[in-house]
């Protein structure tokens, strides 16, 4: 129910063409979408960028094609498919020729990414090469959401000088995404070097008692550095959304 | 080594009063504080607000008095003592008469809090009354860091209308701190209602299989809402630092 | 030992054709089935609906055919095979032509489902599309047990308005089955909206620290909403049995 | 906003005393309580019995007196205070003379309990004497909610004949609450004996690897008996609410 | 060093053909095998039955053939290969024609099993059909160790009358092996019915929160029945060794 | 219903003084205690030694006195109270003068212990002095159940020669109880030295990652030695019951 | 049995004063202490420094006095009592006047510490002030074992420059003990800065999801730096023993 | 910036060809590599042996060839590729003919191993044959780092005499690597037999409650033997680095 529909209803009621009961019934019928939750609707418009993200894991190529086609029609914005295996892409690109594939990020995208519309820059820092897939998922997502990205990869703290060589860049960033597996110490050291918020992403990289990311998760959540908050294990996408929201403040 | 000391050394070297070896030795002697890490120093100045925070748990009143006295002298900024038991306060206020005590927050403070210097507002939302201590720790910390706070307490999602009554306020906030124990569902519902970053704080409130906050921690880290990141269990202080950094972007 | 057999034995004893020792020996020989546990037998009749359920995982098509054939002969009621892979169905239907297959639910059924014989309705609510298999296992099982089902799928609480649009339907239900993975917050929000019992089913949907359903399980078991009880991870069948028993009160 | 207030507002609007904008603003101002969520309000009335329950742990006697006083005024129904230590009761009864204390249940109550208004009976079964406090919390809560209770205590399955002696009583019950610590096997055995829903409550009774109820929780959630759902460790109150809702179907 | 070798050495020493230093050196050279640990050797003879058991998992058919061949030569006793996949057996039987394969138990055996040489009987009880592989591993092992076995399968406690029908048989047993997955309640109920030792084996049967046998393990280790001890998850072999040692007392 | 009562009833029935319905009703009334489960009763007589054990933790001195008094009257056998704090003993001995207290074992006993009536000996082995309380609980319990005990304490495997000095004694035992905390390696080493059953008891001795006995529990349950089964953490009593049953085979 | 006793026995045997059987019996009687394990004895002498350490937790002052008195007599070396509460010291020093107490380390010592007899130095590094007790336990123990200690405290990696200021000192050390709680990242950063072995000690410092040291333990065991091994949570003593052994290579 | 570059810059500055600001800017530009962290560089040279290790898991044969080729050019030292599947080796050896493959260790090596340059010997002890892969990873790594290795395999403590037969060899070692799965008791027994440092490696060998090495990890970290520190599960490489550093002290 748009605002004009509401005004028309109220007018009908005033003119006696609609009873009070009828009016109340209409108001109740879709109360959240239209009246009480019009704010929700405005909110949903604000997050359009997100609503066009499809979680590709466990979906067939055909399902993905159908969903992407529908989303593309509904909005003029780019559509992302995360966690999509490379072998599904040929079928997707055959159906939707403008589709692109970011291999490392395991993301397929349809539609141009917007120009960066936030003043700051998101720095993405990783501990090792194996964290690259999670980092690229974060990077591509953040770019699709209109952010400038600075990639600082393979600067794990076991060789602290590698990270220290990038201190000035880190300190210029608007927000830092720190991605590491194993003992996850990167988040703490980065947290101590910058004054901006740090979004930490534990990864499932590691073996033995790394327990698929639990060790890094516990390490990061207990970071003795202030200003660090975390997202789920391997959740590069989630970190990018948080960082993008911060960067667009 | 201050900048003027460095310049004096360079001048000495140029005039031949100091050999190249001596100069290099001096540069190496404290390289991070003074030269190579001058940026760290500038950075530290930027976070002065944080460096004056004392973790009070496990410290005696006398130790707290000594540390607060020293910090107060070193900077003109307010000093916070977190996790301080109320019974230590009389001794503290006897020694430092300007000290104030925030009982619910378990925080003692010395020195005036700054005027809010960030444009936005931090909304602090809690699930139940038992989350109040963590919420107040966050609120007082954030105020001391120069933020305006909006408290929305006791709006747990088991009675969803209580939370929904505050949707507009939440949507105006610059960042939301969502605090809940038990099943921690609040973070997810709030995350779905707002477009700003949400910092979630699991609390140790609950019993049985709540496991002192693990249930809420797992719930929040797995939130199906985007834009949510988390800090440690009961870590109201940490959430406030993250939120303040976001709010000061 | 049927009642008439018992009476015949007692008569033989009275007439001296059977000694006291013989009688006691006979009574002891199968005491639970026939005498002491006649109540158990009656009870078993009461739950016939359940005894015809076969857990299909780990059984070959041949084993399933054999068991279903026997069960079908023993009772006039429908036989369900849960957790049955679709590739086993062709063999089953070849052997038992009346067999049907519910693909999403992974259930094969032989025999007509009964007309709903309970007054109320079981509402089945899910958080996301990935919870659909568990939901359908619950739905098909509940239908086979004589219940009317209302499916309300994909109403996860990260977009709370989706769930709220169904409040009236939920409040009409006799019992609600709430199915969600990830952070499992759905159970709590639903629990706060209805006055009937809620049976919560954590699912293994999620990644990272979702730990195959542990996060949702802990979340649901700690729900701050009253009236919520839970069954095992992914146990749509179990939830349906509990809900059907409630609905048939 | 009551229905009559709404009608008055609509009338004002129709008569031109209130503009369309004013009307919409008023409708939006408290939309859930009064318009869109009037159903919630009706619902809340239906659960009044629950809203008068106070969780006493961690509250002072004075806080409890204040809350109970207020709740008593707001409704004519009994008020329960759960998890209340016995040493707080003298102060409570001094302030509110009609207060009673159920020692084993650790529940204080103000106001007469209603006559049982459900047809069936709730059977409460425990494994051992140490489960008594949880059982009584369930029993007193259920009585306050208008249920008839049958107590079958100390029938742990290590001596199965103790439980079997009560089979007929159990089979007459409308719903069974099975309470056990240690290995929690009681829930499974009871679940196999009855055709009604079983609400299982793991207790923290046990030592060593009982892990404060985790062993019993896992045992019960994995019960091979159908028709069993569980609530949190030691949560006698929660089990009673679930059972009462079932019993009032 | 055999006893005769020792005597020869001592004789050499006495005759002066060997110095004291040489004698001590010889005694020290292999002190445990031959002198100090002669008791160990005798002990090893006593457990010959065990030393001929090969853990087949992770070994190739060729490796198994080599080991079995050697063991067979070294002793006259039967050789067991546990956890051996059926597809390795054709190669084994081609090399060692007398080899037999126990399919359900996943055990290959070479050599006749001894006649039962213990007075008592080992009863093996299982909760469900899925526990059969573990049960058969226990049964075949125990038979190979010279025990008489009584199999009582599929008597899970969710239908307690199935177990009670076998009470007399259970009470005649010398030791009972109770095998169950899921909630593992069988061990407790059996423990309450018999006066002999019960060896409980948790199995990895179950799903969801069964956690591959942890639920059953915790349940069994916390059994409220006395006289129950447990072995590792799915360890039918280990249970058989314990039971056989008890039965041979 | 004793056997003579049963015979009297049957006689009444035969003489027509009791109808068939009455007889069946009587048989059903207490079927397990008296008819169907007479074997249970005989069994219970066999385990009298156990039924007179009271778990003292969490019981007041008065409760203990009442229970012990009753048990003493019911049977001529000794009564044990386990886990009883020493400060409760003065009150107990004042009420029941013949009571004795085993301080290390935290066991009070009333009535003479029987002469050892089993041929073999139970060896109790501990890793360190801190395991002494658990060991003495096992030792006193086993003595009360009619076993001869051999105590071999403080022979932890970090100094393997201490244990090896007792090999012959260990090998003479009928069953060994191996008690250790920390890493629990004692059970494995003992298991490799003897041919009799080993009952392992993990203790909560240790700190840090010992996790109150979990480390020892996991270590023992995974023992690479055959013939080892375990009981709960710190459960000296349970180990004694298992060992006594083995020793009385 | 000393070497001279052995020689005397052999001589007796040679002269025919002792039969071969008697000789073998004597050799077997205490074979490990005296013959077969003479090497163990030599070994024990080598570790005398360790055998004079008493674990004070859970021992009374009187027990400690007795043990220390005996140990002091048995060897000329210093005796340490670790984990000893300060309130027990007055009684100890009254009985043994030369006793000293290291308050932060919670260690009492009797006897002079040896001069450092290892070439290198053990650096002890901590993350925060709260790690001090563990660090001092390590430091005092290592000094008692004859090592030179370099204390570098409060250099947690959240302020990396604090640690970097000590790089040269760290690189001169023979072995580094890295002690940290919370996220335990210190071990990894230190491990990347030095070429000597690093012994990492997780501490129970932290709150929330630190889980009494588990987070730090997992972090350290998964360190991406090579050359790091760990000891138990809070085990300063154990780290000192490992470091001392390395330093005495 | 090399030392000569630094000297040239300083000379330029002295001659006025470079301003003080320029000089400081240059010094800051790469301060760690060249000035402040020259010590880091020297350190890196010291660990060259390590920097040539490639973690092969998850890398393609082509990636490995590229990395090995580059590393080989950069230094004259051997290059190791750990965790490399055997099927990748043919491609590697085709590209780099001098490559060798250690099958059990899953390590490929290019370049001659250095002569042992440490005085002592590293003893590698394993519990069972299944620990062999981890042991060989440790052995080959340690050899590549210039150590002499003593392999003592399959001496698990369930047959303690197997281990005791090697006591003298163990006691001659400079450092012992103790490798075991299941209950991991080997580390403790070895720790009690030697005076040198013991590096314990838990392996994922085992089943049931071994939990992929957690049981062994907990066992080893809680070892009651002094002088034992541990590395990650299955981390033979890490153990070798620690041991080599100790051996090269």
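Residue numbering begins at 1 within each chain, and the chains themselves are lettered A, B, C, D, E, F, G and H in the order written.
Keep in mind that, in the parts below, contacts are C-beta pairs under 8 Å (C-beta built on N, C-alpha and C of every residue); 3 or more make two chains touch, one makes a residue touch a chain.
Keep in mind the model is a prediction, meaning the values are calculated, not measured.
Visitor: Tell me which of E-F and A-H has more C-beta pairs in contact.
Guide: The comparison resolves to E-F.
Visitor: Can you check how far apart subunit A and subunit B are, centre to centre, with Cα atoms defining each centre and the answer in Å?
Guide: 25
Visitor: Could you tell me the distance, in whole angstrom, between the mean C-alpha positions of subunit F and subunit H?
Guide: Once rounded, the distance between the two centres reads 50 Å.
Visitor: Using the average of all C-alpha atoms in each chain as its centre, how far is it in Å between subunit E and subunit H?
Guide: 39
Visitor: Note the residues in subunit A that touch 2 or more other chains, in rising order.
Guide: 32, 37, 40, 164, 193, 208-210, 214, 217, 221-222, 226, 232, in rising order.
Visitor: Check the chains against each other and report every pair that touches.
Guide: A-B, A-C, A-D, A-G, A-H, B-C, B-D, B-G, B-H, C-D, C-E, C-F, D-E, D-F, E-F, E-G, E-H, F-G, F-H, G-H
Visitor: Would you mind writing out the residues of subunit G in touch with subunit E in their complex?
Guide: The contact residues of subunit G facing subunit E are 6-7, 10-11, 13-14, 16, 20, 23-24, 27-28, 31-32, 35-36, 38.
Visitor: Mind pulling up the subunit C residues that touch subunit D in the complex?
Guide: My answer: residues 37, 39-40, 43, 46-47, 50, 120, 167-168, 171, 174-175, 193-197, 199, 217, 221-222, 226-232, 237-239, 241-242, 245-247, 249.
Visitor: Along subunit H, where are the residues that touch subunit F in the complex?
Guide: Against subunit F, subunit H makes touches at 127-128, 156-160, 164, 182-185, 187-189, 191-193, 206, 208-211, 214-216, 218-226.
Visitor: Using the touch definition from the top, list the residues of subunit D that touch subunit B in their complex.
Guide: For subunit D paired with subunit B, touching residues are 30, 32-33, 37, 40, 57-58, 202, 204, 213-214, 217, 232-235.
Visitor: Which residues, counting only subunit G, touch subunit B once they are in their complex?
Guide: Checking each residue of subunit G against subunit B gives 130, 161, 164-165, 207-210.
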